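Both complexes below contain chain A, partnered by chain B and then by chain C.
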Partner chain A sequence: MQSAMIFQQVINGLSLGAVYALIAVGFAMIFNVLKFSNFAHGGVLGISAYAGFIAATTFKLPLVGVILVGILAGAITAVIVEFVAFRWIRLQKGQLIYFFVTSVTMLMLLEQILIISFGASFESFPYTLLKVKAIKLSNLTISVTSLLTLVVTIIAFGILIYVLKKTKVGIAIRAASNDLVATSLMGINVDFVVISAFVISGMLGGLSGVLYGISASLSPQIGEIVVKGFIASVLGGLGSLTGVAIAAVALGLVEVFLISTIGSGLSPVVIFVIMIVFLLVRPQGFAGVSFADKA
Partner chain B sequence: MTFYLTVSLAIAVSSIAVLGTFMLTGMNGLFSLGQAAFMGLGAYVSAICVVNYGLPLPVAILISIGITIVLAAFVGLATLKIRQDFFALVTFGFGQAVIGLLTQMVNVTGGAMGFSNIPEYTTPALAFISLAVAIVFVWGLRKSHFGRDSLAIRSNELAAKVAGINVFKHKMIIFIISAVFAAYAGALMAFHTQYVEPAMYGWITSVTWIIIVFFGGRDSLTGTVIGALVLLAMPEVLRFTAAWSTLIYCVIILLIINLRPRGLFGTWELTLRSLTRLFKPKKAVEEVK
Partner chain C sequence: MKRLSILIVVLLVAALAMSACATPTAAPAATVAAATTAAPAAAGATVAATEAAKPDIVIGNLQDESGGMKALSIVLTYAAQMKIDEINAAGGINGRKIKMITYDTQSDVNQAINAYHRLVEQDKAVAVFGPPVSNIGIALAPVAEELKVPIVGLFMDDNAIIQPNGNPWTYMFLGQDSAAIQGKTIAAYTINELKAKKIAVLYNLQNSYSVALANAFDSLVMAQGGTIVDQETYTTTDKDFHAQLTKMKAANPDAIYFPSYPVEIPLIYEQAYELGITIPMIGSNSVPPTGLAPQTDPAATTNTFYPYGINPTDPQLADWSAKYKALYNADPIAQSYSGADAFGILVQAITACGDTVTSECITQQVSEVKDYQGFQGKITMSPTKHQPDSLPMAIMTIANGAPKFVEFYTPEGPVK
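Then we have the complex of A and B:
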């Protein structure tokens, strides 16, 4: 029985970690190209979670439709955010901190839009979305939302790897991650690369928003979960998407484990200690792709 | 106390914390997402000292500042030598840890329900004098050798290091001072609102202070002070609903950062000289140039 419990917790941790990984990779993608922490990603995530919610309640779409609506909404919102908050600063060659300030402002702005349109209360996706709630295997009970999250995340990362490694756009994004100026000198349209990075990151954000909304609950503050992406991408060693994804899964597992053992109050304290110890031992992050600030 | 006095007192106290962020982010270029947690520490520690142990106010504030210094030094030691993202991350983690602890220690802090029955010790005079002293302190710091070194670090850390500035020591001192500012503001705030709860001190509050500094202009102390007064007063003035006022607040900040990236005031400072220059006939100004 005990091992069944542990197995269940591991599944829960993995599925939470999968959502964190989606958030973190979308977050890290913008960091790689433009080199700033894009907290507006949380706002994108929140808007698309609510778009999926509307699709599920008002239009009664099936699960696949809800997920697709979320992804589409994420992409559109991310592009709008890029136009409103970042484009002007980028064209003026403003310093990186301005991006940071506008991105946090965008997060707050999108959150307020959600509060104004939906009220500050908690919502949840309709139960009809999933036909079966849990699968029983002898003495194991696995919730379908966890499995769904895991499967969808794996598919999404598969597609992402294909896009980044094989397609022209993906290669351009990876080149821009290396050096934006050199990329533009090679005759690549940087504006297009930036927009496509925002589209891909927005799609990941939309997906993670819908998945998180289905597995947990929905509130206008849902966007603040972007900090998990922030933690994972710094610990993973900004610059390496694989490292970021691994760090996110580890974060999900650790969180589920801590909450089930010492409760949700003390777990941030333990996570803080782990963070400090980790940074002292391995300041270059999980993957070890480190780059200097200057020089 | 009248409504306006109560509101302006709260604004004055919060401005002290914003000045802390001004030193840290504006002068040294460090982003702390845990400044509000230091404010929470100051509020809780001093309130608990007074209510549960019957200590006088100054002693309670000194104890809370002492604890703040120790914790800030601990966080700084772990992070200030490595990349700046880590500083933002660890201060964030620190803030979450503080809130988690405050929520968890129900017997001492009252948990998520908050800690109430705090006596009202903060008088308007105390708040406004504290703000004035804080402004003078930051102004002096910026003029001092130490402040110049900080600006050099912000502009180019490597060059500052080569020029012989002890970057780590500088960042550490500034970080501790800014944390003390936040803690002191927290203590004053607790004895003003008479009630504190952990949710007041989340990372969004820290971010709001950073936004205020950039709104006024991180190169201008005048801009930061005026920006703090304006932006902290705005939710009180635009009272229709909290959500709409934050929305307007965000739009204004987006406009300012996009159109005037150096902030509303740029590098302009309110001094006797800049004032007389402002009101001189046009020809005279050209001659000065």
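Then we have the complex of A and C:
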């Protein structure tokens, strides 16, 4: 029974970590290119989750349709955010602090738009979205929501890696992440690269918003989960997408372990202590700046 | 750079402005419900003129109209409004109409305190109808002691009505069974009728309602020889309960008790179901209507029991329920009836004050309410506990997604 419970908790941790990984990689994508922590990513996540909710409830779309609507909404919202909030600062060569302050402001703005549109109360995706709730394997029960999150996350990362390594856009983003100025001097359209990074980041945000909304519930504050993405990014090393993804999964596992041992109240305290220790001891994160596939 | 700074300031101001619009503070959210019904039949001109000159009786109403507790809180406004319309249509109380001023608290303690101040100091309310939110009740209790305007509500934690020294808060009154009674009632049912001896408990450690129910439940279970095999906690922002439920399942309990708020209940049902938990899930009086919401799989709520203020199939409730449904296009829930009782007690106290409707008089009269015939039964307010002497509770279950009455129960056992 004990080993079954531990295995079950590992599955719980992995599925939680998978959502965190989607959020964290979308978050880190913008850091790689523009070198600031984009908390507006939480707002993108929230808008996308509600777009998916409307697709599921008003238009009665099936799961695949709901996910695609979420991804599309994420991409569009991220582009609007870039255009409204960040482009002007970038063109003016503004300091990083301006990007940071604006990103927090955009998170608040998008949250308030959701409150105005949907009220401050919570909503749930229809339970009929998933026909089967759980798969039983011996003593283990695997939630289909968790499994879905894991599988979709793996597929999304597979596509992301392909795009970054094999397509011109991806290679341009990787080049821009090393040096935006040098990239522009080499004749690459920086605006296009930045927009592309926001589109990819927004798609990941949209995907994570819908998946998190299905497994949890919706409220205008859903975007605040981006803090978990930020923690994972710090632990993983903001320069490495792979490092961030690994850190996010590790964060999910540690969180589940802490909740089941010291309880939900103390768990965030320990996680923030771990983050502070990491910042003091290894500020570059465990992946470090020399991680092989720095995006 | 200057233009850049302006852009950032504009964005910040826009966000704050949106915040102000969307998060209704007490003032802009206020709604006034006064004489919405026709004036009484014509009387003599002199009498009519005299009565028209009488000022309205202002009652404040603090409810969550847009936050996480909206489902359980807004029904209190509905119940109060029905009573007000009825009274005002009949000419008011001693010729004075009732005017209710509602502020949206969004279940936020600070907003509730600010709104209470505004009701007392600006709107001159003589009494306040309170929300079904214990955290707010606890926060308001010392403020009410200072401002001396009584609050009658459904805040179930005893700490909202009883001071640490054991004396009641002078101006705080509860219109239904407290968490102590409700927790013990459902614990007694779990032990005696479901024959569950090993029980796991999951509660919100940041919510006094949840903590108070869990404590009362635990104490009775242990007093009757049962065991709490696992006790797990969560916080208000938690959405994922898989870790706690997995650990609880591993403890092999006979039942799980989860005194939670509406925002958490569907998630706990769904996630327990996903993890293959099939033992009885014992809830609190917050289970309906969220546990039955269209978004919750009926299969996840097949083996659940929870306490409820009334038996929904009681024929004596039919007329009022029909009026309620006609007005609000929704079936009343337990909090509708408990709310109607709490507001009825307040109205009875105001009526008893005659021509001297003051907060002090209302406070005195509420504490002396005896045999008020409410939907929950005959209510006599305990002067030492400021809550009804224990009322029996209906035990409910859910069958095919619909609530079903089982029997009336008390901490001592079934009601004969």
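Note that the second predicted complex is superposed on the first by the 283 of 295 C-alpha atoms of A that agree within 3 Å, B and C clash if a C-alpha of one lies under 4 Å from a C-alpha of the other, contacts with A are read in each partner's own complex, and residues count from 1 in each chain.
By our rule, a residue touches a chain if its C-beta (ideal position, glycine included) is under 8 Å from a C-beta of that chain, and two chains touch if they have at least 3 such contacts.
Owing to the predicted nature of the structure, the values given are computational and were not obtained by experimental measurement.
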Contacts of A:Val269 with chain B and chain C, given as first, second, both or neither: first
Chain B versus chain C as contact partner of A:Ser48, first or second or both or neither: neither
First, second, both or neither for A:Thr153, with chain B first and chain C second: neither
Touched partner set for A:Gly94, first chain B, second chain C, both or neither: both
Contacts of A:Val234 with chain B and chain C, given as first, second, both or neither: first
First, second, both or neither for A:Val144, with chain B first and chain C second: second
Which of chain B and chain C A:Ser196 touches, first, second, both or neither: neither
Touched partner set for A:Thr102, first chain B, second chain C, both or neither: both
Partner chain in contact with A:Ser260 - chain B first, chain C second, else both or neither: second
Set of chain A residues, in rising order, touched by both chain B and chain C: 85, 88-89, 92, 94, 98, 101-102, 105-106, 108-109, 112-113, 115-116, 120, 224, 263-265, 268
Residues of chain B touching chain A in the complex: 29, 31, 78-79, 82-86, 88-90, 92-94, 96-97, 99-101, 103-104, 156-158, 203-204, 207, 210-211, 214, 241, 243-244, 246-247, 250-251, 253-254, 257-258, 261
Chain A residues touching chain C - in the complex, by the definition given at the top: 1-2, 4-5, 8-9, 12-13, 15-16, 85, 88-89, 92, 94, 98, 101-102, 105-106, 108-109, 112-113, 115-116, 119-127, 133-134, 136, 141, 143-146, 215-217, 219, 224, 255-256, 259-260, 263-265, 268
Chain A residues within the chain B interface of the complex: 37, 39, 84-85, 88-89, 92, 94-95, 97-98, 100-102, 104-106, 108-109, 112-113, 115-116, 120, 224, 227, 230-231, 234-235, 238, 263-269, 271-273, 275-276, 279-280, 283, 293-295
Chain A partner contacts - residues on chain C that touch it in the complex: 1, 3-4, 7-8, 11-12, 14-15, 18-19, 21-23, 66-68, 70-71, 106, 205-206, 232-235, 237-240, 242-244, 246-247, 249-250, 252, 263, 266-267, 270-271, 273-276, 293-297, 299-300
